[in-house]
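Take a look at the structure set out below.
As written, the chains take the letters A, B, C, D and E, and residue 1 is the first residue of each chain.
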Amino acid sequence: MTAPLDVSGSELEVAPEPGPVGPAGRAIEGRSLGQIAWTRLKRDKVALTGAGVVIFLILVAIFAPLIVSGFGHPPNDFNQDLISTETLAPKDGTGISAAHLFGVEPVNGRDIFSRVVYGARISLLIAFLATLLSVAIGTALGVIAGYFGGWVDSLISKTMDVFLAFPLLVFAIALAGIVPDTAFGLSGDTLRVSLLVFIIGFFNWPYIGRIMRGQTLSLREREFVDAARSLGARGPYIIFREMLPNLVAPILIYATLLIPTNILFEAALSFLGVGVRPPTATWGGMISEAVRFYSIPHFMFFPGMAIFVTVLAFNLFGDGLRDALDPRAR
Amino acid sequence: MVTYIIRRLIWGVVMLAIVSMITFAIFFLVPRLAGATSESLASRYVGRTATAEQVTLAAEKLGFNDPLIVQYGRFAKGIVAGADYDYGPGVERCPAPCLGYSFLTRLPVWPDLLNRIPVTMSLAAGAAIIWLLSGVGTGVISALRRGSFFDRAAMSVALAGVSLPIFFTGIVSLVLFSYGRPLAITAPGGSYTPINENPAMWAYSLILPWITLAFLYAAGYARLTRSGMLETMNEDYIRTARAKGLPERVVVVKHGLRGALTPIVTIFGLDVGLLMGGAVLTESTFSLPGLGKYSIDAIVNQDLPKVMGVVLVTAFFVVLANLLVDLLYAVVDPRVRLS
Amino acid sequence: GGASTSQSGGSGASAGSGDAGAKPEFNAAMSQVFNPSDKKGGILKFANAGDWDSLDPADTYYGYSWNFIRLYGRSLVMFKPVPGEEGTSLVPDLAESLGKPSDDAKTWTYKLRQGVKFEDGTAITSKDVKYGVLRSLDKEVFPDGYTYFNDTLDLPKGYKGPYKSKGVNTDSAIETPDDQTIVFHLKQPYSGFDYFAQLPATIPVPEAKDTGAKYREHVISSGPYMFDKNEIGKGFNLVRNPNWDQATDPNRKALPDGYQVSTNVNAEDIDNRLLSGDLHVDIAGTGAQPATLGRVLTDPNLKAQTDNPTIIRLWYTSINGNVKPLDNIDCRKAVEYAADKVAYQTAYGGELSGGQVATSLLPPGIPGRQDFNLYPSGPDNHGDVAKAKEHLTACGQPDGFETNVSYRAERPKEKATAEALQQSLARVGIKLTLKPFPQADYFALYAGKPGYAKSNKLGLVVNGWGADWPDGYGFLQQVVDSRVIRETGGSSNISVRDPEVDKLLDKASLETDVAKREPIWAEIDKKVMEGAYILPGIWAKSLLLRGKGATNVFYSTPHGMYDYLNMGVQ
Amino acid sequence: MSESPEPLLSLTDVRKHFPITKGLIKRQVGAVKAVDGISFDVRRGETLGLVGESGCGKTTTGRLITRLIEPTDGRIMFEGRDITHMSQGDLRPLRRDMQMIFQDPYSSLNPRHTVGAIVGAPFRIQGVRTEHGTKKAVQEILELVGLNPEHYNRYPHEFSGGQRQRIGIARTLALKPKLIIADEPVSALDVSIQAQVVNLLEDLQNELDLTYVVIAHDLSVVRHISDRVAVMYLGKIVEIADRKDLYESPMHPYTTALLSAVPIPDVRRRAGRERIRLLGDVPSPINPPPACRFHTRCWKAQEVCRTVEPPLAELATGHRVACHFPENAPAGAVQDTSGTEVPA
Amino acid sequence: MTGSARPAGGAPVPSDERRHGFLELRDLRIHFPTDDGLVRSVDGLSFTLERGRTLGIVGESGSGKSVTSLGILGLHKDGRARISGEIWLDGEELVSASAEHVRTLRGKKMAMIFQDPLSAMHPYYTVGAQIIEAYRIHHQVSKAVARKHAVDLLGRVGIPQPDRRVDSYPHEFSGGMRQRAMIAMALSCDPELLIADEPTTALDVTVQAQILDLMRDLQQEFDSALIVITHDLGVVAELSDDILVMYGGKCVEYGTAEDIFDRPEHPYTWGLLGSMPRLDRERTERLLPIKGSPPSLINVPSGCAFHPRCGYEPRTGGLGSTEVPELAAADGGHDGGHLVRCHLPREERRAIWENEIKPTLESA
């Protein structure tokens, strides 16, 4: 049984090639695997483009207020003078102008550019945090299951089975729908974001958990673990010093590939109306509104493209990262 | 083998029980933690002009005054032993598995589900065939012509495919190919026709959802198949097959694809299993009256018996798919032993 | 005044002045029958973006369902199926004439027509009507519907409907002295009982065929059509009822050979198919989708395929005096002044599809209504910021205040309204936070539950109300009577707690003289507005798309949509 | 080679059975009898070679000695202390004296650690402080095993197989152990590199006064490196003797067969050699043949071999054999267990 | 059994029409362009092999042994490899032949036995099916006939109850049986050239002995040409008539088995012999290892690839590190069949062997 992103352990190690070092051979700097991966990555133009876009998007998200204030249209401000009160559409069709780069929304004339820019904040924030949560839970439980084996493993594995049998989206919708407006000392966007992070992150951990468990199982068989044990190393030492460094690559790969999945997940929840509360802009939420106005295509186009470009960039970067860290897959 | 299946089935039942308990607890507890009383809960399920007396009645009838355990017990008992149902003029037996009665319509949930399953099944099956054929086919060709124009083009499309949210592609395709088009290639949803009524209409009403759903999955499968093929084509046994003088086609299909297909079959089984629980986004985008749309509607209406029913059915399909996949694995790969 | 006199649906005289009615133009089906015809045959295609609450006459509470149910069920009386004002008058259906009240208006007697049969050929008797009414009283089995009969009939104490109170003598409430006569006894005099008699609950139900909650799966027809195939969630077909006799029915033409109804159809697609002629009726009757507006209104040919009625429905926002500082009337008035009515209107769909800016509660069309505006919102209806600020100062909050606005999460228009209020009130420093709640729980658990609304500071609650029939009492009682507010939640009235209003309501219900009664409605309206308990948004309008190929199309005022009774296929 | 009074390591009837479980409740349905009652001593300063075919339990024995796995039965004494069931905590200090070299130079070094971290790990784990800091100590050891101390900051993947094996050896040497268990230390290496490592092991033994247990399947390597050799078959020791005795006059038929199966790199002698060819493979340790486990493949097997298990008896000084019909046995040394001895 | 192996120099082959050996490689080069640089896996390899004779190829890991064998079978053709030179098999040139043509020869005219029989057999097909498949590709016979043939073959290679085991999957076989099945598969079409790439490395000694016996017997029976690739000099000695020692993608010494074992002339060969503990000799106190480690095939050391590890390099007067030595006739070879690639003067090599190396190997 494979999770969508399966990265099996042995693949991530440098295959035993005849060492490039002869006794009299050229002196090679002490290059770590990370450095080698970086050299590989540097040659991968596509992945670098992806990385560039990702960084760009992160900057956009961070500096959204600055960018938007430059154009003078806060994301929630109405521009109803641009809207026809009969058809609800922008009077000139789209409202695209130098002032409104992406045009304005029907009904209330909010600036689409500002909303798309602000949407990046929510999307990326939730995707990052949820990924962090999944990875943290998944790694912790996966490693524990794989390392200790026995009933601990059975328990954790069965828990993962149960989680994987849940109709995820249904649960997410249900939970997001029935959690009250103020809870756990939080409210407003903070609560919603935390809730979404929790839901997305919490329901996704079994995937990475399985992978980490498999990786740990295979690492446990490696002789260097025995070596550490025969030196008298205790569990924590083995887990943290011996195993974790070897799990960094799969964690990194999985996390990068999980982020786009989570972006899509968040968009889906927002689309279904259980995301962050309005009027805070989200891409999924904008598309869901745009559905009613499909005859005004630019309304749907920009948030749709924003999701597409973001997810694509992360996927490209993730693929490249995997290729760089995992030479066999090339 | 038989004991294996029995063991797996027992575990499957346990899993369904756990899933149902968690679901029940979430829906039961969260509103109560938010301060709802059994009366205020009941007032969801009566008309807006209902009097306090009617609300109390409804709370009583729906059993909201009982503790959590009792309510869950009643639900579980219905599944195992069936339940009695007061439909007004008399009492009717709802045989096991009785998934209870909708809070809202007071009608049994099970027939509803039976009604919806064929829709979801049609959607899943059709899409699955399309994506399996196109995805695996593309993946194989890409792997064999690695680096070629076809490979690059196919992989770019595939990457785009996995990067597009399905509700977006769904709507765009509806706008492009259906809404108000004189030559609409599909009915835009809601006009689902059962296959036994009119197979042509059935296919017509599903073609767009199929393609939209299949596109997403086909993209993933193409990527998966390609990397799987690249990996198996590096296996020693492929070299052996070539050394025997087999034509390349045989090497690729009989030896390479056969080896690469096993993990794909596994994922395929699980994907279809999960889809059987309802492709929520696809069904709501295309207004298909399947399990996914049903679950959304149930949640919106806070109709717990319906939610429980659809969750259980989904989990059932997942458990079943898991089992089938494992059995299939043993058939496909003679090295696997079930124990 | 009713314009069309030539088209009296009841008499069956039509077709004469076909030319005027057949020309497609904007509002062509508003005050006259569009495309009149007597041609029989064909199948009428209806589609519904949602699903029925129930097809059972005892259980259904959707307006379109009351409109549609007349095809397979005959209640004692009905609204006259004609366009214009005349359509709000009642005519007998199953009964031979309208109800005969006793002097004190506590006893109402109806005589049934001879020769009316169920779809299986058995004759319909007054017992069947009585049974239909009695079973509708069981709110455990039929939780959804109205409670008019429960509340008004003089039932034995503790009576719970024919299922649970089997064999209980109910003659104190309804008597059936013979097979053709049915007599209703009320607890209190009620002069408008004929309005009750038009409710689907008076549709006869044969006791032997009653399957309680499951009856909705196959309702036994007493009208011209009966169920053929019914798949709940997907749709159903109606075919001709061979046992319906035109001679017994002056109201119905029964033109098409059948009806094909699909439910859960994509709303956008319904519009497209209506315009293309692939579909005859959008059964929900709520009008065009936003995406269609642009298309329809900019194309004169398409615009000619639309009608734009005002509906007896008010979209409004409750101003919750339980929440500080809205307990201060000046703060409430500040809200009334600051709100941008145009934004409100746009949120609901604009001038045509949304509605007309409302200045008070009672929508046009309710008898006795008066036009007044206590809080003029500036020359362009964008709100009067200066006045609002004045009142804020008076209220002691010169810089504004913070509160929440709640709405139903599933309703995009309410969301847009909340956003619009947030924007417009922000101009005077009133900061609103949006609080969406699930529709199913909106009144039961959140906004409609005073304790919750208070402790969670739901200062503004986006709301809406339409009358079950065009009458002041029906419109006002549920939304302004403070006594309908229940601590356990579920009430529609969220903000109006004015003893004087309650007193006026009581006065009106005891007043049997219509001429004296009707001015009271306007008085109540004024009182509520003076208290600034409610921010009226718009009186709803809808942009109805007239399906191509349908005949005898006209707007029915009491139903707020096209009349489905006598349509035919071209 | 003088016998010291107390052996450094002593195994008495040690067993390791890996359970095979089945079913929902993990019922044990059998066991892999990987090691099934072996006894031997290792004296200070000597090298004991352990040979046998794949799967006969050599690695398991090594892991039992280092207590990476818990013995099922028997007793393991190290420096006079019973470590058979000692807790891992109590073992920790002892581990300084007992180290293990692993077979696979690729998997025995953590690819994410630098050479310095790998060789310095023993200090860190055991909490040992060195005079001039760990780095200095590590560099000294690197030099000792013939690696460039400047390679301190490099990663294992930058080294060749032989160099990696040296790193592994350096790690074991860090704490100056008394006993080193080497599990197939050279079998993953090229012939030309094998010799380097073998020589290194020998040099280190001389320099540091080490005791080795060398596990290998290559008989010539074992002969080269060992003072005494034990031959294992299916979880049992079938013969144990001084190197010379074992290679020149093997007594167990299995040893004989093993020796004659080794291909000889001598072209002229290949025609004339008499060979003993065993049939088939080693049977499964789950269901080992009863009595003498070798009887299924033994050309000398008699009925008694199928019914009576031959004890590991000392037939000549320091030469123990478990066989009913040993070869090259001094006359009269054979215990007549069956009474139906047939001369070989 | 015609003639003995013909030596062939690395020098350009004369253009005159001379008879080709049954298998003849001329200046074969197989290079792989990789990210890190060009890998010269095989760099100018030439040899000749006649039917009925066995050639052993020894060399360190990565010296290009497997690449050579796959090259002969044409299995690099559709890969990234750059192949030049000539491969003549029974009068046909294979490097320039079409891939399709080479395919028809594979399995029928030339076959291969791989090192790891478990991974070299498809895990999802029975052993029988895999043999049958190989047979039916080249013979138009029914399934039943092919199956009978497979059973025969399995019996021939010593698998007990072949009619039953034919339906087993590879994982159900033990290591030795797998290798036997692999051999049966290779032999299914009576190939005239059989290449065994490390046929026994994965096996235990006792099983290795069985397989070596089997191969020897089969070769005599089929009279095919056999190439045995290994890094174990013992195995080579057991089977080969001629031996080719590879180092860094090149042949460094070539000769009859006797030449290589009795009169080796290349320092690398000496090193191999010295680093190997031998059961047939007295135990030496110390082994004589080759210092250093194998060369990178991307940055092949300049001059003689072995020079960084060669103890005698100083004696070449700097030539070793600058000039690639020619493969030239050695001193004592029969009819000049003993070739060595070394800068050391012939006499000096001879003297070193006789005086310095041989005594240490046989000491003690």
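FYI, contacts are C-beta pairs under 8 Å (C-beta built on N, C-alpha and C of every residue); 3 or more make two chains touch, one makes a residue touch a chain.
Note that this is a predicted model, so its numbers are computed, not measured.
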Margin query: Please report the minimal path length, in steps, between chain A and chain B on the chain touch graph.
Written below: 1
Next item on the list: Return the chains common to the contact lists of chain B and chain D.
Entry: A, E
Item checked: Chain at maximum distance from chain E, centres defined as averaged CA atoms -> C
Notebook entry, point to check: Looking at B-C and B-E, which one has the bigger number of contacting C-beta pairs?
Noted result: B-C
Check: If you average the Cα atoms of chain A and of chain C to get two centres, how far apart are those centres in Å?
Finding: 47
Next item on the list: For chain A and chain E, let me know how many angstrom lie between their CA-based centres, rounded off.
Entry: 52
Next item on the list: Return the distance between the CA-based centres of chain D and chain E, expressed in whole Å.
Entry: 32
Item checked: Gap in Å, rounded to a whole number, between the CA centres of chain D and chain C -> 91
Next item on the list: Give the residues of chain E that touch two or more other chains, as numbers and ranges in rising order.
Entry: 61, 291, 293-294
Item checked: Shared interface positions of chain C, touching two or more other chains -> 268, 410, 438
Next item on the list: Pull out every residue in chain B that's touching 2 or more other chains.
Entry: 31, 34-35, 174, 179, 300, 302
Check: chain C touches which residues of chain A in the complex?
Finding: 76-78, 80, 83-89, 106-108, 177-178, 181-182, 188, 273-274, 277-279, 289, 291-296
Check: Which residues of chain D touch chain E in their complex?
Finding: 53-54, 160-163, 190-196, 198-199, 202, 217, 219-221, 223-224, 243, 247, 257-270, 275, 277-282
Next item on the list: Over in the complex, which chain E residues touch chain D? Could you list them?
Entry: 60-61, 174-177, 204-210, 212-213, 231-238, 257-258, 261-262, 271-280, 283-284, 286-291, 293-294
Next item on the list: Show which residues of chain B lie in contact with chain E when the two form their complex.
Entry: 235-237, 239-248, 255, 258-259, 332-335
Item checked: Contacting residues of chain B [partner chain A, same complex] -> 11, 15-16, 18-19, 22-23, 26-27, 30-31, 34-35, 159-160, 162-165, 167-168, 171-172, 174-175, 179, 220, 227, 230-231, 263, 266-267, 270, 274, 277-278, 280-281, 284, 295-296, 299-300, 302, 307, 310-311, 314-315, 318-319, 322, 325-326
